[in-house]
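Each chain carries a letter (A, B, C and D) given by its place in the written order, and its residues are counted from 1.
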């Protein structure tokens, strides 16, 4: 008797959702017939006949749409991976500087977070690309002749990073870095004050104290937030389309345009993202388990 | 005199190898004040929490105000019991986002469907009775611990319970605040409220209790009048406990 | 000579006071200061002497109201002025109880007022959403989406905490899926695919589709924030409510949810700010909100190549709006959390 | 609870009921008339064709075509709703009925027109264009092969992307496409030196060049990579709407051939009314016969068009003529009498 009522509610809920899904599938089916679009994946193996500016895997326009999507996917992974490293470096430094005793460093760190977090990422990306890179008239040599920055990109030892890739990396890293900095600061704040006083009273220097005493204790508070920021970074990397980088979303967009297969293309995009998410959350889970196991 | 609580062979365990309650039986008369004492971990809180269904018993049977409660009892019975049994916690457990007045009137309005004006009037009378009427519109955080605990008592009384359960009501208070709460409980005792109080306050027990129950390791060691318990406890374990307390 | 050493010592004392303790510190500070100073002077130099602000000054109306009919432009302008006025009274005034109530009611009325003023209807000429644009569209997208997403988020959070297994599974699936997909994909879905899901002849206009997309996306994130709040409501609060005879529904409504929401205010604020910033993604999908209208303005042959001016100007607007939202939320949070401090209880 | 459920089920049935009683058989023309509004998809970001002026109004050739159609269908050029669309969403919007008419620099080609392709119906071409390349004069680029292995700025989601690929592939040359979403991004990318060349329809290249600070520093190469006939489009299998749109465009061309302009339309009307012998003119202006009614329009739809927007030549000059912001010589887009390829079938 006690369970029946809740069971009825649950099954009704399930029934409504199923009905709703049936209704939608019915509509889609009807609309696909009406518009003559159809639903199939055969087009995946036709030649893509568009070119991509950047690819890690070998690619030419005569490759299939499927291959083009895979190339886009690997391009996404490349951006996510590099931006992930840089954003972590920026975020941790800014987070630690935010706790610095030096007022000026503290001020700069706060200012950075304040500006970056309150403006849209898309705007920042456009800014980095069109203003940051493309408006460089005279190439800038940072360390002659190792790093050379111009509106053709960053040239390191003859290896050229395109402005699209570079501005995406900078934009994503700077943006995500500001969020990571806040998480790091929160994590550091979660370490009891007594711990800071304790290492100082033992005469341990700040850098060693941070590395060996404070950060290990702050990690459990930092890691979950960090994971969700990494996932956000992966999702935000789809804004690549605004600066002309051929990531998975941009390639999907082109594919959908060329084939008109919007539903199929969308489904493939979602599957692609599911994989990226799985990769990141599994790696983080691994870290989480190992680090927390050792330190707890 | 009629029994309001009858407990028969209660058994309750949280982990497999240790019994929190081990064959506990007792009866409480109407209007009686029963003080439960015992070292920490002896099962006092568990026992008192079984009386309003916060803990389910594994074996045995309870009869609270004529309602039978055993390991198979459903939520309806527990709800009925809770409406007639008030409880005050060690940590007050006031609702921090509600004013003192709303803390007290919430249950009468929502559970007993009283109209707001009526409920507020009764609440105000309770606050006067507890001597904290000037705090009616403050939030719990703005009050001292003693005041908060008196609000908690008023909140429990607002439902006109027939039995009041106190789970270490003074343990979380500053020493100088203890008496204001105990005085409030004493005044309730004088009015003939049936009360079961878990406490470590010997003086209070001597003064207010009709009987004292001493527990250890989930068992009832002794149940007797305060005079006998505090001057001439029969059991070796009770004496040791009292010695430690008076130190 | 003595005087100079004294001066240096004094300077060192001053430096120590602001936290510069050793040579490395001094060096890093110096480098950073030079960098900041150089950037700042360059930037100011550009702003005052090189930038051509015509692209901003001549299109000021467009940035704020988009393609809204000129004769009726007072309507969005009135709405935005009221919002600004209300923000400042909320932020500046130290308020008593009655005034506070009044201001909260005003804030609640902002959304219906905005819809009425922008869309028209009774007594004023109706204007299709197609003409909405600029900052006014950005704001109304944000406000309506948040107000829709909040209750959905609460229900999802409760669903995920529920002990009804099917409901729990379905809500969890929904939340996890939503959170693993990029927003632009959801917006793409909303703009380009939902028409295929609808029965023939049924149309939902694109602003509503955008609101729908934002709401279903943000509600998943909101639900996780609220779940965090729900989990941090102490168990003894629920126990105390049970003892008073409240049923499950009453416990959630009167005890758990209010506290969870107060705890979640900072996280919810971040969601609101994030949402406002993310409305800019609609520029990629064809709505002329603040960023979209700016891209249209940049297409005008008169203003080709004024990217930097436009981006700096947009950054300023977005920054101001987001900062005001953050400050407002802080004020609200301070007001509510006055009562809420579990440390005092435990 | 029960009430809620029954209402939800009711609603579900209602919606699914809707989907079976679809509006097949009813022409969109009737829907447009019923709502007294023409929803027209435009780009909103292409100078000369449709862009936002500082008054917050869209203007350009594409917009004027919408106005002419609105004047013909709904008696007023102002009953239009212009919807800025991205290249990616334009066909879906048309197919799902979100817009009635697409007037957005859309290239007329087989796969878009055919039922198994995009399933559209194209109206006559309103602008004959061809894809071209623009480079900086001092770059020394003269031909496609000079651009080998260089970067080229392209707009994504357009036929441009495919054409440039085909052209380079034909000559076995390699290049790097830098793809942007909007034409103005393509222009910015090119101007700021990201690419050695930008490719787009030659009209757009010309329009862009005319807005540059130093137009003389840029040159449009002679190579024409493709034919780009730009035409308005409606959804396929709606012949009545397609016919009506088609003949509105022809009317604009015919009016120019006949020398009927916005300023002399009243004189011409009087002339036709007075002279019973001027049969073709009388039919064209709806004084005689039932040409308009055959299309489901007012009999004098031509008069309404010309009064509000003028003939094709006037529209062209207003938006792309020498005195406009973007000057593009008429070239092919001249009526046949003047040496162009625009021609209207007879209004009989």
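Convention: a contact is a pair of C-beta atoms (placed from the backbone, for glycine too) under 8 Å apart; a residue touches a chain by one contact, two chains touch by 3 or more.
Because the structure is predicted, anything quoted here is derived from the model rather than measured.
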item: Chains contacting each of subunit A and subunit B, listed by label; value: C
item: Central chain of the complex, centres being mean CA coordinates; value: C
item: Between A-C and A-D, the pair joined by more C-beta contacts; value: A-C
item: Centroid spacing, where centroids are CA-atom means, of subunit A and subunit D in whole angstrom; value: 39
item: Chain centre separation (subunit A, subunit C; CA means) in Å; value: 20
item: Rounded Å distance, subunit B centre to subunit C centre (Cα mean); value: 48
item: Whole-Å separation of chain centres (CA-atom averages), subunit B against subunit D; value: 82
item: Shared-contact residues (touching 2 or more other chains) in subunit C; value: 192-193, 195-196, 198-200, 284, 307
item: Residue list for subunit A, restricted to those that touch at least two other chains; value: 27, 30-31, 34-35, 130, 135, 241-242, 253, 262
item: Subunit D partner contacts - residues on subunit C that touch it in the complex; value: 58-59, 61-62, 65-68, 70, 128, 130, 191-193, 195-196, 198-203, 206, 284-286, 288, 292-293, 295-302, 304-305, 307
item: Touching residues (chain side subunit A, partner subunit C) in the complex; value: 6, 9-11, 13-14, 17, 24, 27-28, 30-32, 34-35, 100-106, 108, 115, 117-124, 126-127, 130-131, 135, 231, 234-239, 241-242, 249, 253, 262-263, 266, 269-270, 273-274, 277
item: Subunit C - residues contacting subunit B, complex; value: 236-237, 239-247, 250, 254-255, 258-259, 262, 336, 338-342, 344-346
item: Contact footprint of subunit A on subunit D as seen in their complex; value: 5, 8-9, 12, 15-16, 19, 22, 24, 87-88, 91-92, 95-96, 115-119, 151, 156-157, 161-162, 165-166, 169, 175-181, 185, 188-189, 192-194, 236
item: Residues of subunit C that touch subunit A when the two form their complex; value: 18-21, 25, 28-29, 32-33, 36, 164-167, 170, 179-185, 188-189, 192-193, 195-200, 273, 277-278, 280-281, 283-284, 291, 307-308, 311, 314-315, 318-319, 322-323, 326
